[in-house]
Amino acid sequence: MKTIKSSVKFFIFILTGLILLITSNIVGELQVYQGSYVLTYGVAIASIVLLTGYSGQLSLGHSALMAVGAYAAAIATNTYGVTPGLAIVIAVLASIIFGYLLGSVVARLSGPYLAGTTLALAVSLPTLANQFSFMGGEQGLMFDVGTPPSRFGESFSLYKWFFWICAVAALVTLYFISNILSSRYGRMFKAMRDNQLAAQLAGINTSQLKIMAFSISSGMAGMAGGLMVMLISGVSPSAFPLSLSFLLLTGAVVTGVYSLKGVMLGGLVLVAMPEIADIIALNVGGSDRLTATLPGFLVSALLNLAVMFAPNGPGQLLNRSHLKKKLGKEINDQK
Amino acid sequence: MLKFLTTLLISLSTGAIYSLISIAIVLVWRSTRVINFAQVGQATASTYIGFEITTRTDNFWLGLLGAIFFGAALGAAIDRYFMRPLFKNIKTGPILMIAPVVATLGLLGLIESIIGFIWGLENKIFDAPVSTVGFTIGDTVIAFSPFNLLILISVAIMMIFFAILFQKTNVGLALRASAYSPEIASLSGIRVNSIRTLGWALAGGAGALAGMLFVPSASLYPTSMSVLLVFGFVSAVIGGLDSLFGAVAGAMILGFAINFAATYISSSLVFPMTFVMLILVLLFRPNGVFSIRKNRVDK
Amino acid sequence: MIRNNRMKRFSIVSSAVIVGALLLGVAPATAADPGITAKEIKLGMSSPIQGDAGKVYGKLPGAMKAYFNYINDNGGVYGRKITLIHRDDKYAPTLAAKQTTQLVINDKVFAIVGALGTPTHTLAYGSAQLAAKKIPDLFVNTGFSGFDDLVKYPTAFTVLPSYAMEAKVIAKYIKDTPALASLPSAFIAQDDEFGKDSTKGFTASGYKFAVPFKDTFYPQGGMSLDRAKGALTTLNGLGIKLLVLNTTADVSATILKAAESLKLEKKFTWIIGSVGGDSNTMLFLGVSPATIDGVIAASFFPDAKDSTDPYIKQFMTINSKYNKGITFDNVVLQGMNTAMLTVQALRAAGKNPTRAGLIEAIQTKGSTFASAALLPLNYSKTSHVGYNGYWVGQLNAKGELKPVGGTPTIYTTDSKSGPVVVSSFKRAPLPKNGIPNN
């Protein structure tokens, strides 16, 4: 059963990759550019799903974790002349190490204390980059991913090349994570999340598990950071502000923080929302003030609505109406 | 010597401002077990109301009163019409921890964009009610003015007021009971929902006071207080979210650490110092410096 | 089996989502130069409206749109209307990069104009591939001298004099004024390109401050009133008598207010750079007029309150008609001036402008464009540098910047180690009604 399952899953991922490949050749530059962001955000949101949805630790510092990966990749190419592909691998490794260290320190903190620490981290880590000149200071570092391999020809758009890299990275990462989460580790995470004491009594080493979750989650965030550096062609201290952490959390909650199913949808929401808000603002007309504040208003409103009515993810909305019908039928039957 | 004295005095000032926010955060936490990230947004909104009143009547105190009333009303409204329905929908699981955080973050964004729409994004300012020129000792003017003194006195009054409220009154007892164990509290006849709304109202008023006292030294625009969110929250965590005394103490500790580091080492340490202080405290006292309970089982 | 289905559903859902999103957009055939039709020219701008920088520079796009609308009402550019598409980047480099890329591939603008900020635009320039796509990047709104590097930013044209130039001019002014040259001094600045570009200039000029730079730099957002009090007390204790500020206007206001609260405002002689010397903002934020009186400031424009100046008067008129409710100040002046330069650039590119033609037009004819500034424009085939100097004046209690001794002395220099010289440049007269006819 297991072998069939994993080979079918593998096939599904390959198939998805092919679909993305074909699509990227049809659509225009803008779409692949935005598609790359969807994929990148999707990976970042997946890291939150792992850390918060599965291992139950709320972190507000994912922007800092992405920054670690981003700077690692940029420094690797700038100071050491590493090729961009390898740089992203370095980004992941650096973030895993950082996540491990961070996790060892904060894993024993509960709820708001963990949130507060990660919040302070998110705010102060970027300013550290300002201090050291090899990190480029306020200016930041450029990241030149070069041109697409020449065998693709002259007209192969750089943005399409980005999209391919993001797609491969995202698919590999998600495949890896979904394997972990459907394995024994996934079950242990969920047990620990639902009742830490009971899990400990059942023999699970919760602090080790939490640190492991932190490390993997950081690695994923670091990969997302590395991909972002590529998309932006550079990194600077203010590239990963606290508001990014909030944005990712929003994406995770809106599409369901408990499962990986919604992460790409979450990425799409994060990319599409500002665009949609801008379009609405433009069509509604009105003052400059309106166009400036409307996008923020719409995104926050969406978040609030999602949290109010479907805090466990959009699946809950469907389940509820389904449940109501079922319950209603049962009650009627009993009358 | 003057440098040391000045750093001391400005640390007191900074700590006082931070404590106004951390008090509000602890108030909400103590009475409803929620970390309210929207606190600074509510404070800013209330300060805009205060700004309108002050500018029209040329009287800071009227504006202050108006801001506090508005802040309390806004806080109560948010609990009644937003947080309460939210909690009805979520019962268990980690979502119980995340949903309020995310919800209050969303609320913050909502408030900031509404403020920006109504009043615009430019700087606004109003004057302090008392002089901002420092006291003169001998022939030196020190870095402590009547306005700084006013802020410290306000913090002290707030602390005394809330200490009396929480420890010596029935309402205070009800507030603490409802936060700690809502089921048992309601069994003993406490109207838990109304009590929680009261907690939010008190915090909203405190936040309004914070805003009105903050703006004269800075300026007012929709996100002018968001820098205080981090400092206020970290102060509250350092002090241990249990007590108001901890909130003020945590704020003072942070204020001192930041200003001494910035003056004597480098002014770029303002933000990193925040993180370092937090890590140091949490490494040795995971529940905050002044936390009463050492091994609290978190719900 | 259930797991299988779940995984299947998951992968299919996600790829469907992405594919659907991608297909929803259509890939249009690309014209020779996007952004220009028989009736319209689309220009793109990325600058902050929200956030800290937004409250200082938020007025910029509105001012530019006001001028463009005025021109549109008067025939446009050879019959084409100018549409300025603005995207808010909140002064965040990543967002600026994204927004500029969106302007290029989504809004398909003809050229970028008035991009604001160094950390923002240095990132955005590369990210949006402006060089590879040969998109003109007109009149960048920043004083960073690095943008004149023709290898790194081949399509960019600066307009504002650089911070390095400003520092050299101020250094010369201090050295040439005996009363100032003898004072021990310190330089307070933001610890980013804003401050660092200036230190380049001071070093090149050979002027020495009594306090090392790193001791008086602060992070953006990190200069509160309390911190300012601490800094001023320390500096006063060290015997510093002259303070040069390279800060944003709200921070110079904070520092001056801190001085007032310590009664130190008259103990220092103040020199404030052009960015922070916006007296309007400082007075508005509560600095007392007595403190502003006597502050030395540098500028390259005539004073924004000087309604006897023909350019100022014309811009004020346009402002009250097309930019209702906005007070005319340095920022509005800057916006309208840039817009006027843009119109002249488009006109110079001929009746059927191309992107390459636009760049060439500025290179060959840009130095003759009419503008409000008292400094010359230095565009040529080998230089994309706009204004290259400053005049130094003193603020009075009303916040007006007046030249010391009646007529302003115009200093010009470069961003490197060239000398500071007095220039006899006389600016071109205002075109009739402010409508260019080049």
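Observations on the structure shown:
To keep things simple, chains are lettered A, B and C as they appear, and every chain counts its residues starting from 1.
Definition applied: a residue touches a chain if its C-beta (ideal position, glycine included) is under 8 Å from a C-beta of that chain, and two chains touch if they have at least 3 such contacts.
Since this is a predicted model, take the numbers as computed values, not measurements.
With chains as nodes and touching pairs as edges, the resulting graph is complete, every pair of chains being joined. Interface comparison, B-C against A-C: more C-beta pairs in contact at A-C. Once the centre of each chain is set as its mean CA position, subunit A and subunit B turn out to be 31 Å apart. Inter-chain centre distance (subunit A to subunit C, centres taken as mean C-alpha positions): 35 Å. Residues of subunit C in contact with at least two other chains: 49-50, 191, 219.
Of all residues in subunit B, those that touch two or more other chains are 116, 121, 268, 270-271. Among the residues of subunit A, those touching two or more other chains are numbered 127, 130, 292, 296.
Contact residues of subunit B toward subunit C in the complex are 2-3, 6-7, 10-11, 13-14, 116, 121-123, 125, 127, 132-134, 136, 141-143, 145, 217-219, 221-223, 227, 259, 262-263, 266-268, 270-271. Taken in their complex, subunit C has these residues touching subunit A: 3-4, 6-15, 17-19, 21-23, 25-28, 49-50, 62, 88, 91-94, 97-98, 101-102, 105-106, 118-119, 122-123, 126-127, 129, 132, 191-193, 196, 219-220. Against subunit B, in their complex, subunit C makes its touches with residues 49-51, 54-55, 58, 191, 214-219, 221-227, 229-231, 233-234, 237, 250, 254, 257, 260-264, 281, 284-286. Residue ranges of subunit A in contact with subunit B, taken from their complex: 52-53, 56, 58, 60, 105-106, 108-113, 115-117, 119-121, 123-125, 127-128, 130-131, 193-194, 197, 242, 246, 249-250, 253, 257-258, 289-290, 292-294, 296-297, 299-301, 303-304, 307-309, 311-312. Those residues of subunit A whose C-beta lies close enough to touch subunit C in the complex are 4-5, 8-9, 12-13, 15-16, 19-20, 23-24, 26-35, 37-39, 42, 127, 130, 137-140, 142, 144, 158-159, 178, 182, 228, 231-234, 236, 238-241, 260-261, 263-265, 268, 272, 288, 292, 296.
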